[in-house]
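Right after this note come the structures.
Note that chain A is present in both complexes that follow, paired respectively with chain B and with chain C.
Right, the complex of A and B next:
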């Protein structure tokens, strides 16, 4: 049966927050993307060397899916979630939810979203889109990275929902069952700020939070020994730019998005100090962006001598200092 | 984004991009300011790494910050969309 649910498509900086806030808006809860990010204390840093990654890497936000879960807890949003081993069952469930009139949040491998230009599509198992209808063998998709709604063939969507590998989607679907459109954001904002400060400053693991930034600053000096040749090193150095700027971070590794959250929080809580903190994290974001720029430039030009890597390491260390001071001061506000 | 033609600014931005990204195969005058800056077969042969260089250079040169509050993909679509953005932000004069 053909279905198309009335849905306001919006573009956004980041797929998880964009999909979630559009979905919530559709059922009456208006919340901005930065507000969802801030309340769910999405800002983070971690430096990892793991068997799951072919090379050491870093993250600048909480684990995919946590924004949805933390926000729903904080705002008492009731969500229905499903995962499927059986693909047919998972596709049928999607159809039945659409028939019931639900817009459905869906986890997919970004690579299969063939309405987006080929040159930006890479395998990434934690892309989120909303499915808003079905026409013949196509599903109608609201993807926050695309200017308008798009169609995707059923067989391709199936591949995208059951792509294998790290953080495989396993056909994950969700939709909001109940929201409070008049929810008071004040307490969730304060809790979100406190938890972000705790995560950045107090997790006793040496590669998480601010400690992770320092770890990154130290370990990047060893990258030349971990790489096969200059091409490999150049590729890994240029990936710094991609992780900070190119993966729906809103720029500067989500630091700009957190700045916008604090600005909005300042208005809601009528607290000008948060506005000052917003300016400060915006400036810290500028410095992360300069690191992206520096990494992109030296990587591209194969200008990767020990002094250059050391220079990059020092820039990252300064970010550790700046974020340590920032979150220590932010912690004092509440 | 509403188009506000400003050929002088368009040429200035094109020259800035060509100079900063060390592009040798085309001159500023030859670039079609309405063509997409990124994607297959773009005239300047730009990639996503170049995007950040453009953003940083625009901030340094014109004092504008392109962040999550803005429709980044639309702003970076073409030279003309950059002109429109700087005009809208009232940031058409160089600060350096």
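Right, the complex of A and C next:
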């Protein structure tokens, strides 16, 4: 049976906050993407080397799925969640939820979203989209990274939902059951700020938080030894730009989005200090963006000698210093 | 980042960025990707060179198509092994063409499914000559038989 639920599609910076805020808006809770990000203390940094990845990488946000869980806890949102081992059962459940009129949040491997440009599609099991209907053998998808709703064939969606591997989606589905449209955001905002500071400053693991930025600054000097050739090194260096700007961060590795959150928080809490902090993290974001530009430029020019990489490393290290000071000062506000 | 400093026209890839607007407020705008707008040609050059290098290694029997697609699709080996349902050590063995040759069709379909390619593409590559790339288009269609695909070449 064909179904299409009335749903306002809109683009967002980030897939998890985008799908979540759209779902919540659909059931009456209006919350901005930066506010969802800030309350759920999504801002983060981590540097990783693992055989799950083809090359060392870094993250600029909390673990996928945590934004949804932290926000629902903070705002007392009741979510209905499902995971499936049996693929047929998982597809049938999706159909029945659509028939009942629910827009359904879904976790997928980004690689199979064939309506997006080929050059951006990589295997990444933590992409989130909303399914808003079904037509013949296609599902209708509201993807925050796409300008309009798109169709995806059911066999491809099935593949994307049960891709297996690192952080496998296992057919994950969710939708909001109950929200409070008049929820008071003040306390959740303050808690979100405190926890963000703790995560950035106090996790005793040498590659997480601000320590992760310093680790990145150190380790990038070893990248030339880890690459196949100059083109591989160029590709990995230019991926810094992708991870900071283009992979659903709102620019500058979520720092611009966090600045927007603090600006909104300043208004809600009537606290001008948060406005000043917002301007500071916006400037820190500008420096991350300069790193993105620099990485793209030296990568394209194959200007990747040891001195150039060291220069990049020093720029990253300065970001560590800036964020250490920023989060130390932010921590003092509450 | 001010709105005017960030905005780029690039229709194929639009993104949402948060910026400082003219009235000093912060909020989202939709802009083209700066990286794709300026550097996509470089991405494709590197990509084609990598394909070429890896293809040579397949032809020389140095690597298996599994290694070829894993590298091109930028997958981590442990992640790929987990998707296939085998150990990391076993995966490393099938990077070797001699071991790859011994795989059963059932396992090949699992691999093709992960890489989202027809099974037959584990044994062949279709190339369009540089001069003809603007004129020709190549499409591969699935059929009800999961082992059988149809490749259509047409003029644009």
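Note that the second predicted complex is superposed on the first by the 333 of 334 C-alpha atoms of A that agree within 3 Å, B and C clash if a C-alpha of one lies under 4 Å from a C-alpha of the other, contacts with A are read in each partner's own complex, and residues count from 1 in each chain.
One rule holds for everything that comes next: a contact is a pair of C-beta atoms (placed from the backbone, for glycine too) under 8 Å apart; a residue touches a chain by one contact, two chains touch by 3 or more.
Model, not experiment: these values are computed from the prediction.
Overlaying the two complexes via chain A brings chain B and chain C into a clash.
Shared-chain residue A:260: touches chain B and chain C both. Touching more residues of chain A than its counterpart among chain B and chain C is C.
Of the two partner chains, chain B and chain C are each touched by A:241.
Of the two partner chains, chain C is the only one touched by A:166; chain B is not. Residue contacts after overlaying the shared chain place A:313 against neither chain B nor chain C.
Once the two complexes are overlaid on the shared chain, A:231 sits against chain C while remaining clear of chain B. Between chain C and chain B, the overlap after aligning on chain A sits in one stretch of 25-33, 97-105 or 133-141, namely 25-33. When the two complexes are laid over each other on chain A, chain A has residues 11, 13, 33-34, 117, 119-120, 145, 238, 241-242, 245-246, 250-252, 256-257, 259-260, 282, 285-286, 289, 292, 296, 299-300 in contact with both chain B and chain C.
Looking at the complex, you find that chain B touches chain A at residues 38-40, 48-49, 51-53, 55-56, 59, 65-69, 71-73. On the chain C side of its complex with chain A, the touching residues are 1, 6, 12-20, 25-28, 30, 33-36, 38-40, 42-44, 46, 49-50, 70-71, 73-80, 82-85, 88, 113-114, 116.
If you check the complex, the residues on chain A that touch chain B are 11, 13-14, 33-34, 117-120, 145, 238, 241-242, 245-246, 249-252, 256-257, 259-260, 282, 285-286, 289-290, 292-293, 296-297, 299-300.
Chain A meets chain C in the complex at residues 11-13, 33-34, 50-55, 111-112, 117, 119-120, 122-123, 144-145, 147, 156, 159, 163-166, 168, 231-232, 234-235, 238, 241-242, 245-246, 248, 250-252, 256-257, 259-260, 263, 278, 282, 285-286, 289, 292, 296, 299-300.
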